[in-house]
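The following pair of complexes shares a single chain, subunit A, combined with subunit B in the former and subunit C in the latter.
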Partner chain A sequence: MNKLYEKYIKKESLPTLFCPGCGNGIIQRAAMEAIEMNGCKEETACVSGIGCSSWIPCYLQLDVIHTMHGRALPFAEGLKLAQPDKKIMVFTGDGDCVAIGGNHLLHAAARNIDLTVVMVNNNIYGMTGGQKSPTTPLEAKTKTSPYGCIDMPMDACGLVMTLGASYVARWTTAHPVQLTRSIAEGMNHKGFAFIEVLSQCPVQAGKNVWGEKDPAKIMDLYKKYTYMTKTGEVDPAGARSASAIEGKLPIGVFRNDPDAPEYLEKVEAKLAECGIR
Partner chain B sequence: MDGKPEKRNEVVLQGNEACAKGALYAGCRFFAGYPITPSTEIIELMSGEMQKAGGAFIQMEDEIGSACAIIGARWGGSKSMTATSGPGYTLMQEAIGFAAVTETPIVIVNVQRGGPSTGQPTLSSQQDIYQARYGSHGDYEIIVLSPSSVQEMYDFTIRAFELAEQFRTPVILLADEVVGHMREKIVIKDGTEEIKSEKHQYVVSPQEDFFKGANSTVEGQLHDDQGRRIGHIASKSGDFIYNINRKIQDNIDSIASIDTYCMEDADVAIVAYGSVARPSLNAVKHARGIKDDRFMSKAKIFRDLFKRGVSETLSSDYGHLKVGLVKINTVWPFPEELLKQATKNVETVIVPEMNIGKYSREVERALRDKKVIPMSKCGGDIHTPTEILDKILEVEGLDEEVK
Partner chain C sequence: MANITVDGTCCKGCNICLTVCPKGIFVKSRKRNTYGTNMPAVENAEACVGCRMCERLCPDGAIDVDTEGDK
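And then the complex of A and B:
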C-alpha cells in the first residue's frame, strides 16, 4: 500500500463494492490527493447519498455520513451550519443529485453555501442494474428505455451555474490530474463548489451508452469527445451543449468566482447588521 | 410578610411558542424547517430567536431537507429540532428511519392536523398516532410524547431532548392543533439546561460527534460497531434489528409516563392523551362534582345540558359517579404496565380520541379483562366535556334518564 492509502483508507472496510474497471477508484484517489494537497484531513468530513459513487467516502479515514437517496446535500448543509469552519465534501451521482435530489441541488446552489460537491456522472443507474438516469444520452437503450431514451439529458453544471454556484467544473476520469486540482480548489473555495466527473460504468452503461465495454477505451472516448475550455469561456447554456464543437462536450473550470457572497457569510453579515451578533 | 415570594417566570404563551422556548432552554442550537399549518409559529419563532441563542437556523426547501439537515447538524455537535404537520410529517418519515438506524438524537415536532392528504390544514386531529410509531419503513421503536397543555408543550419538548440524547434515538413530540394554538399561563425557566444523561444507550458502540478524530461512519445500511455495512449478512442483521428495538422496549420503565386523576376508587376510567385529556379531565371533575373553573366553565357545560332539556337536579347527581382519568404522556413505547397498574380496579375504560379509534385498539390489547369503549371523533372538533359525560352516563346506565 502506498502512503496515501495507508493514511486515508479504512483497510478493515476493504474490499470496496466497486466493479472491476469502475471509475470510482480514480475519483476516490483524486479526493484523497486533494485533501492531502490542502493538508486539511482533520477539518474534513464527507457526506454522500445512495448509489455506487456514494460509497466512495465510506472507505476513507474521515467522519462520514452515508445518507439517504438524494439527500446528501441537506445533511451536508446541516453539518456545515453546525460546524461552519470545517470543510464538507459531498459525493453524489447523476441520479442521486439530479433526479431524486434535484430540488436540494437547486437550493444549495442558489444559497451558494460552502460545500464541495463531487457529482460522479456515469449516465446510468448502476447499482440497480442499468436503468436510464437524468443524464442518459438520447437514444441510449437501457433497462428502462428499451426502445431508446427520449428524455433530454440534463446538464447539472449549466443548472448550478444558472442558479449562482460560484465554482463549477467538469472533468472526466481520463483527466485525474485536473480533477484532483479542481477538488482541491473547490475545497479552498468559499462557496458552492460543484465538480462533475464523467466516469465509466463498464458493466451497466458500457455497451448501451458508450458502445464500448472496455474501461480504458471508454476513457479514450472521454478524451475524444470532450474539449478543454478556459474559465469563463462556457456560459450556463453552453455547458451542456454537446453541439458546441463537433458534438463534443466542454470540460474545464467553467466558473471560479471567489467574490460571490457565500451563504454563511451572508447570515453573519445580516446578524451583524441587525446587532444580533 | 417575611422574605420574598419565590420568583416565578410566569408568561402567557401559545403552545407552539412554548415548544420553541422549551427547545431553546433544552439547548437546541439548530433548527431547520419548512412552514406548514398549524405548526408554522414554531419555525417563525425559531427564525428570530435561534441565532440570538448562538445557534443556527435555516429554512429548507422542503420537509425532507429539514429532517435531513437536523441529522447532519446533530453529527456536527448541535442539538437539533424541526417542526411540521400532516403532509410534512409524512415527508420526514424516511429520515426518521435513518435517525433510528444511525442512533442520531433528534427531536421532531408534529402539530397534528386532520388528514389524510392535504386534509384539514386548520383543524385538529390525533390521526398520526400510528404514523408517529411506525411511520418509516422497517422495524424500529421510537419515543413519542403527547402534550395536553401549553405547559406540557414546554416541559415535554425539554424531556424530548433528554430522552433523545439518553437513548440515542429520534423523539417525536406529537402535539395537535388545539395545544399548538391555545394560549395559557405557564412557568418557564431561565437560561439553558445542560442536559446530563446518566447513561447513554447505544446498540452499536458510541460514535463520537464529528471532528473529534474518531473517523465516525454514520451508515444508513445496517452496520456493525465501526459503521461498516452488514445489510447483506442475514445473521448479523437480525441481531441489529432486535437490538435497536430492545433499546427502547427494555427501557420502558425509565421512559413511560402517565398521570392519573381520581383513580383511587374509580370503577370507570377515561384513558386519553394529548388535547383530548383536557375535556376528559373536565368531564371527570363534573362527574365527581369537583368544582374547577380553570378549564371550561360549569355554566357552559350545564348550558349544553339544558339545551337538551336536562334538569339541574340530575346534573348535580353527577357527583356520585366514580370516574377517573389516566392521561398518557408517553404514547409510545406503549406504557402497558403503568396503564395496567392504574386501571387494576376498573371495570370499564373509555378511550376518547380524535381519530377513528386507533389507540383504543392498543388499550384493548393491554387490558383484555376490561371493557374498552372507543370514543372516536373525526372532523376536526375536539370532544366536548358534555360528550364525554354522556358516554360516562351511558356506561353507568344513566343515559336513558338524560334523554
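And then the complex of A and C:
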C-alpha cells in the first residue's frame, strides 16, 4: 500500500466502494497530499453529502460528517461558525451540489464563508444508475434523456464566480499535481474556495456520455476537451481562436482574491460595532 | 533505482497505470489480485525516473514507489 495511504486511510474500512478506475480515488489521494503539504491533519474536518463522491472523506482518519442529500454546505457553515479555527473541507458531487443543493451553494458562495468545497463532476448521476444531471453535456443519451440531452449544462464555476466566491478553480483527474496544489491553496485561502474536478465515471458516464468504458481513455478525452487558462484572465474564450476552444472547457485557477471580505470577519466586526463583543 | 510494488489487496485492475507511466514500466500480466481481475506486473524498474504519476493516478493507492532519496 502507498505510504501516504497508510498514514491517512482507515484500513479497517477498505476496500472503498468505488468502481475500478473511478476518479474519486485520485481526488482522495490529492486531498490527502494537500493536507500533508499544509501539515494540518489535526485541524481538518470534512463534511459530505450523498453520492459516490461524498464517500471520499469517509475513508480518511479525520473528523467527518456524512450528511443529508444536498445539505453538506449548511452543515459545513454551521460547523465553521461553531469551530472557526478548524479547516473545513466539503466533498460533494455535481448532483449533490448543483441540483438538490443548488440553493445552498448560491448562499454559501454569496456569503464568502471560509470553506474549501471540492465538487466532483462526473457529468451524470452515477450512484442511482445513470440519470441526467445538471452538468450532463448536450446530446448525451442517458436513462432519463434517451433521445439526447436538450438542457444546456450548468457551469458551476461561473455561477459561484458571479456570486462572489473568492477562490474558484477547475481541474480534471488527468491533472493531479495542479489539483493537489489548488486544494492546498484553497485550504489556506480565507474565503469560499470552490474547486470543480472533472472526474471519470467509467461505468455510468462511460456508457452514457463518453461511449468509452476504459478509465485511462476517458482521462485522455478530458485532456483533449479542455484548455488551460491563466489566473485572473478576463475573457479566456475571447482571447483564443474559435477553432482552439470549440467544444472545450476552460481549466485552471479562475479567481484567487485574498482581499475579499470573509463572512466570519464580517460577523465579528458587526458584533464589535454593536458593542456585544 | 526505485523499488516499485503493487499491492494485490488494494489493486482493482483498472489499468490506468499501464498508460500513465512515461517509461512503460507496468505491463499486463496474468497475476490475479484479491478481486479476481488481472493486476499489472512491474518490469524494467531501473528505468523509473521517479515522477510518481502512477502513485498519484492510482485510484486505490496500490502502487508504492520507493526511491533511495526517501530514506
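Everything below uses one rule, namely that the second predicted complex is superposed on the first by the 266 of 277 C-alpha atoms of A that agree within 3 Å, B and C clash if a C-alpha of one lies under 4 Å from a C-alpha of the other, contacts with A are read in each partner's own complex, and residues count from 1 in each chain.
We take it that a contact is a pair of C-beta atoms (placed from the backbone, for glycine too) under 8 Å apart; a residue touches a chain by one contact, two chains touch by 3 or more.
Worth saying up front: this structure is predicted, and the values here are computed from it rather than measured.
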Exercise for the section: Pick one for A:L106: touches subunit B only (first), subunit C only (second), both, or neither. Expected result: first
Practice task
May I ask you to decide whether A:L138 touches subunit B, subunit C, both, or neither, giving the answer as first, second, both or neither?
Solution key: neither
Handout entry: Which of subunit B and subunit C A:F18 touches, first, second, both or neither
Key = second
Practice task
Could you tell me if A:P74 is touching subunit B, subunit C, both of them or neither one (first, second, both, neither)?
Solution key: first
Practice task
Return first, second, both or neither, reflecting whether A:Q61 touches subunit B, subunit C, both chains, or no partner chain.
Solution key: first
Practice task
Check whether A:P215 is in contact with subunit B, with subunit C, with both or with neither, and answer first, second, both or neither.
Solution key: second
Problem - Which superposed partner A:A272 touches (first subunit B, second subunit C, both, neither) - result: neither
Practice task
Considering only the touch criterion stated at the top, classify A:P176 as touching first (subunit B), second (subunit C), both, or neither.
Solution key: second
Problem - Contact residues common to both interfaces of subunit A (with subunit B and with subunit C) - result: none
Practice task
Quick one: which bits of subunit B touch subunit A in the complex? Just the residue numbers, please.
Solution key: 29-30, 32, 51-52, 56, 58, 60-62, 64-66, 68-78, 80, 94-95, 98, 102, 210-211, 213-221, 226-229
Exercise for the section: Spell out the residues on subunit C that touch subunit A in their complex, using ranges where they run on. Expected result: 7, 9-10, 12-16, 18-20, 35, 37, 53, 55-64
Problem - subunit A residues within the subunit C interface of the complex - result: 1-5, 9, 14-16, 18-26, 28-30, 33, 173, 176-177, 180, 202, 214-216, 219-220
Fill in the blank from the handout: Counting only contacts in the complex, subunit A reaches subunit B at residues 10, 12-13, 42-43, 45, 47, 50, 58, 61-68, 71, 73-84, 86, 103-104, 106-107, 267, 271, 276-277
